Amino acid sequence: MDIKQQIEGLKKLQTKLYGNDFLLTWEKSNDELKAILEVAQILKDMRGANISPRLFDSGLAISQFRDNSTRTRFSFASAANLLGLEIQDLDESKSQIAHGETVRETANMISFLADFIGIRDDMFLGEGNKYMREVGAALDDGYATGVLPHRPGIINLQCDIDHPTQSMADLLHLKNEYGSLENLKGKKLVMSWAYSPSYGKPLSVPQGIIGLMSRFGMDIELAYPDGYELIPEVVELAGKQAKASGGSFKVSHSMKEAVEGADIVYPKSWAPFHIMQKRTELLKKSDRAGLDALEKTCLAENARFKDWEYNEGMMKRTKNNNALYMHCLPADITGVSCAAGEVAGDVFEQYRVKTYLEAGYKPYIIASMMLTQRFKDPAVVLEKVLEQNNKRVPFR
Amino acid sequence: MDIKQQIEGLKKLQTKLYGNDFLLTWEKSNDELKAILEVAQILKDMRGANISPRLFDSGLAISQFRDNSTRTRFSFASAANLLGLEIQDLDESKSQIAHGETVRETANMISFLADFIGIRDDMFLGEGNKYMREVGAALDDGYATGVLPHRPGIINLQCDIDHPTQSMADLLHLKNEYGSLENLKGKKLVMSWAYSPSYGKPLSVPQGIIGLMSRFGMDIELAYPDGYELIPEVVELAGKQAKASGGSFKVSHSMKEAVEGADIVYPKSWAPFHIMQKRTELLKKSDRAGLDALEKTCLAENARFKDWEYNEGMMKRTKNNNALYMHCLPADITGVSCAAGEVAGDVFEQYRVKTYLEAGYKPYIIASMMLTQRFKDPAVVLEKVLEQNNKRVPFR
Amino acid sequence: MDIKQQIEGLKKLQTKLYGNDFLLTWEKSNDELKAILEVAQILKDMRGANISPRLFDSGLAISQFRDNSTRTRFSFASAANLLGLEIQDLDESKSQIAHGETVRETANMISFLADFIGIRDDMFLGEGNKYMREVGAALDDGYATGVLPHRPGIINLQCDIDHPTQSMADLLHLKNEYGSLENLKGKKLVMSWAYSPSYGKPLSVPQGIIGLMSRFGMDIELAYPDGYELIPEVVELAGKQAKASGGSFKVSHSMKEAVEGADIVYPKSWAPFHIMQKRTELLKKSDRAGLDALEKTCLAENARFKDWEYNEGMMKRTKNNNALYMHCLPADITGVSCAAGEVAGDVFEQYRVKTYLEAGYKPYIIASMMLTQRFKDPAVVLEKVLEQNNKRVPFR
């Protein structure tokens, strides 16, 4: 579909994205999610056609990473730069969870000329998303009192509950793999726990996946060894959404059985919910010894499930022996990045390029979240960009 | 006043800001200070009107922070970005005070394509401002010998003597609070020491305040517990300036008495001059034990003056019980950021938004310092910007 | 020569720089090296004439510094900014040598919207250049498989073998000092080891110098104390190139004798090849004790050659007592940055400004490498830039 047609499609969607932060996919309507995907695809196609969608002459996009990041950091930087904004990183020297007054003040102090704040805060269960809303309230307050000339938008770059820029990139990948969102109906997607030699991986990816993918009529199966529960509220939500969308949702406890007949598999390690709770307590108290002990227990527990590896045998059980393999990367690849991991080396290699393509949507998803937050009528704006036809590389 | 009128006002001022670093407010004439304020206000109003004052197509603004900073860092970044420059941070891996040859060489090596260097160096008494001048001399040398295509301008982002971007932002706040600089005449401003549970806070804020505010016909009172002296030269200067401007200057030793009838109060902690001298010696020798001992002594000394808190009782003594409270932020707020601090929680809360507004001028003050250093006739340049009417957000 | 004439000269050169990384000068033809110099000079002259050569509306230039850097970092940032790209730094939290899968994946993950990757990796002998080629292969793969919209170019910002941005800046300096590359014919250039109180300095500068300067008909003499060998392949290459270009190449073991009648001297410390090999092994094993022991041995060995200082006495032996002194900076200057070093204080001071001018070419050399990698016909592009005549500082 050409860019013009896509813009026409975008016009038909009813959205209230303008002026609202992007914190959880399930706070957004289906039309809103579709609009994010459309705008992302248009921006990607414009990049391919050397059309610059520079919408800002200047301005800052602030990033705050309370946990390490390479790919999301670069995705955010790429998105901001594409739209004409400069990245400015807020680097907290200490990893304390700042609360209350400090958050409110800092949020205002950095935002006098800011357009967006992207936040990653996924270390502490019960804290990350809350922190983002605290920043949001501070910005509302700053705008209402005339401190800020406009209200900067917030983008959740991964919290304790959701990882919307990841799950939306994954969804755009699926849409393009299957031709349309409609074509996802009736497909079986397995979000499965997988073994990893490390522990403490956040829950936000599996939660983000079941919280989003359950809205498009798919049959979602969430598989994990007993004890590796996710946040109950998100699981419950996924069930309701699946039902409402004409799909289904099921929790099971064997990767082997779950992948049977699957169209799509997402094998990915995570730490159990109750461990993450304990870990949060220990992190807050900076209890090094306690954390070390917890890690030992967990790794021993993990080791009991080394057979939760997605490999040739597992793949053979999927639909036509070739379910689409997905991962947010980096994966723990057996024989490549570790001795035993989430996925066998040969299986990963078959889908490696597809996982790269999957990741490649993220910068455009973030740019789309920015654009739709800041411009009332994205279709009209994109039409103007198309008409203006500024070249990103003028003399190419 | 609309932007055009403000530009007309700007035209009447005689300045030699062009080509000169901004290192101390008292090196600038009254007309020059007024010009900085005017240009800052115009830039702020242009931002509000979505007019982009982008004066550079490309170029670097280098920041060098020899001490931690969040708000000044973001203010500098915002100012540079507003004018079209990209921030590049000079991150010294070690906190040694580099001298002589190294300073000269480094200053040139980073400046081949730089437009500005913003420097914060407030840790060592007798060093910070000197260092800035050393960098300046190196740049003069580099320009004179053809090494640099032009002479990058230097902006003092806080030194051991002055904090001009702060004090000028404070002055613009006062100007807007009272309607004009003329209206400041006869107002009583109290720059008071206040208790803080930390020690070693730089002297540059109180010095910057008395060194600037004493020039506009105000009655300045500097209050501190015996022993908490500032640099004598700056105090002497403030006295002379106050007299010359038709105001007065007084040193006293009781916050309670000082705030009596005050129009404006600025309660802020700082370390005594002689302690900062001792500290500088110890820092230079990296004498950890000596520094710890000094800190202990100081905190014990500080603790004797816990009643130097600006609270309801103090406020009641000011003019109409509601003197304008000012602070450079972050303040040590009793019951909020500490058990006992510079200001009572309820009093701070009454003026919180005003302190945010006060801080909000800083990016524009810095942008104004850049603009007036680099363009011979700022009024003409701003007129062209207005006429050109480029939108910061074109399709808003 | 004016800019138009220079562009005409550029048109006559046959190059295949387009689409090819810049990793080693000896992989490039003479015409290609000349084109790099021409474009760099044109960009420098455009900067002087306030003409903005902004060729990108947006885009990222990624820098990866696996070793400390100030001047190359700022040169890369300046070059990117000049062309309209934003710097994004890839900061590896750990200094491990990442290999294989991780390199391939990371290279793709950061490059979805990147135009260039500049890499410094000079710590490990046998690793740096290899790493750059690994990244390059990953990017080829990413582009071939449709993961990347185009293939970002790689620029070697110093590896274990070569330091092409340095040597090319040095060559442009020589060209301007002597009026043309042709005038370098028959000139005697001495690349000499010199004493330094530190150890472990990379071999890439001397190797880069003999690998490049041996191609222009000069008489190159490489002088070092017995034991301070460079990588044999590079030395052999320099010999062949010198012969082919009508010059000569000689290795000798006395600075005093080598500088006799020299036109140009480049006294610079480096660690012996076999020591760097041993050091690489120890670094890989993180053998702290072994590294300390090696350092001690080396410093003791170094100390035997304190007379390898370039001083008045040495200078007196050069052609007309005033050979052109060159250095990549920072130099170890006797009595200035150390008690005894590579060069005497008074001699350095005579040539200080020239070394600054030498360094000043680097940003333009890097920008030239970017431009020639990304645009098929640089002359046509630069003609358009000239014609377009966009001002870097519009209202200057």
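When the chains are written out, they are named A, B and C in that same order, and each has its own residue count from 1.
Operating definition for what follows: a residue touches a chain if its C-beta (ideal position, glycine included) is under 8 Å from a C-beta of that chain, and two chains touch if they have at least 3 such contacts.
This structure is a prediction, so every number in the text was calculated from the model and none was measured.
Where the sister copies subunit A and subunit B meet, the same residue numbers recur on both sides for under half of the interface positions.
Subunit A maps onto subunit C through a rotation of 120°, based on Cα atoms and reported in steps of 5. For this pair, subunit A with subunit B, the centres built from the Cα atoms lie 41 Å apart.
Shown for subunit A are the residues in touch with two or more other chains, namely 86.
Contact residues of subunit B toward subunit C in the complex are 55-60, 62, 86, 88, 90, 93, 100-102, 105-106, 108-110, 112-114, 142, 145-149, 374-375, 380-381, 384-385.
Put simply, subunit A touches subunit C in their complex at residues 47-48, 52, 54, 68, 70-71, 74-75, 77-78, 81-82, 84, 86-87, 329-330, 333, 336-337, 353, 356-357, 359-360, 362-363, 390-396.
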